[in-house]
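Note that the chains take the letters A, B, C and D in the order they are written out, and that residue 1 is the start of every chain.
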Amino acid sequence: MRISVQSEPLAPWGLLAEYEQQLNARHHGKHGACASFVGTMRDFNEGDAVQGMFLEHYPGMTEKALQQLAEEAQAEYGLLDVLLVHRVGELRPGEPIVLVAVWSAHRKAAFEACRSLMEDLKRRAPFWKREQLPDGHRWVEKNTTGY
Amino acid sequence: MVEANLGAQTMTIHVKFFASLKEQMGCDGASVEIGEVASAADVWLSASGGQPMPPNTLVAINMEYVDPNQAVQDGDEVAFFPPVTGG
Amino acid sequence: MRISVQSEPLAPWGLLAEYEQQLNARHHGKHGACASFVGTMRDFNEGDAVQGMFLEHYPGMTEKALQQLAEEAQAEYGLLDVLLVHRVGELRPGEPIVLVAVWSAHRKAAFEACRSLMEDLKRRAPFWKREQLPDGHRWVEKNTTGY
Amino acid sequence: MVEANLGAQTMTIHVKFFASLKEQMGCDGASVEIGEVASAADVWLSASGGQPMPPNTLVAINMEYVDPNQAVQDGDEVAFFPPVTGG
């Protein structure tokens, strides 16, 4: 399991390729399924053009909360592994914000765990988005529903 | 603790604000001295100068979510923040 | 949209990185969500050790069926893009079999479309697995349920 | 077609078998001549030498799934295969 919060640009496919090499060394042939999700910054939200975003977090608590969520999902769905990386700081449209990937023996657990982990992250992990609009900034007040 | 009934001791609580609440309070945190029986909500009142806590404010003590009525201990880090919007 | 069937080893993360570059050129800032699934050959199935696998397909119909499934999912979920790659021929345990990736504005559509497309593929795309066991081979008779 | 009622014409149908069905039939396909009013199920009987079609066999005409009772046309490619197991 690897959990991280980073201010550098997030390259999800490179991270996955790299992580999966280690993972194959640990349980080659045991995982039949990997489900992943990448959330990316859009250039629109609630009908407005968005030029940039600042992602604030709570250093210490954010990592701890992500770790708890990943461990809960691993236990609940019997996952073989979890990779969870979240971006913070200043972002431009088109840049990835979050990567959630889970590995399991069968696909049902992978699909369900990936989605559930992403929803839990949105509901419980301490991150806050401030959007830069043409005429000022605003804090995003709540996430869209995921189900 | 033996001092529990004396009422004269105070606790030092490390307060943090995040996101829109930080902007609203004009600071990202402070250390406050508070009486030795206090909840997170009491810490809010002390740190905010008596302002009402905005609806939906989330509260964490030592980086764990808690109910605002949860008691605080000397040295605790108590954080207040708006609903989270990551992912 | 890109659909392909290949007998060469399938490198899902490299394919995704490469495909997403083209996709960003087309609709940069419009997709907020990418859900993907990679199915990998396990070294066990139904309690038996599996040493290798041969994946047969129906050249022509297989590609046509995958194209139809991808177009149906795109229409039903309002997807911005779909990448679907399936391996055929001789495989070893640990090798990826299939990659399904979908892009959409919001995460609900991406999660649902990815899973639904994968289930439709399992139900309707003409592929057949023959497993090499220590004492001979067997055709896989049906897939496990995904829901 | 004008010939439809003459009953003397035949159609050429290109038959394909896949996976376990290919092993069972001992070949991956054949061209069969069949009367001009025929279904995919008739093609099966002709191509298999009268064997019953295994339960759950899937049928495609020109690479589209069809019901076994679907009529075939001259020159059609008719495929028979077991339940699919990809992904």
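Criterion: contacts are C-beta pairs under 8 Å (C-beta built on N, C-alpha and C of every residue); 3 or more make two chains touch, one makes a residue touch a chain.
Remember, predicted model here, so these are calculated numbers, not experimental data.
Spacing of chain A relative to chain C, judged by their CA centroids, is 22 angstrom.
One finds 76 Å separating the Cα centroids of chain B and chain D.
In whole angstrom, the spacing between the mean C-alpha positions of chain B and chain C is 50.
For chain B, no residue reaches two or more other chains under the stated contact definition.
For chain C, the set of residues that touch two or more other chains comprises 39, 118.
Viewed as a network of touching protein chains, the structure reduces to a simple linear path.
Here the touching chains pair up as A-B, A-C, C-D. Of all residues in chain A, those touching chain B in their complex are 39, 55-58, 60-61, 64-65, 86, 97-98, 118, 121-130, 139-143.
The touching residues of chain C, when paired with chain A in their complex, are 11, 13-14, 16-17, 20, 24, 28-44, 93-94, 105-108, 110-111, 114-115, 118, 144-147.
Interface of chain D with chain C (complex): residues 16, 18-20, 23, 60, 63-65, 79, 81-87.
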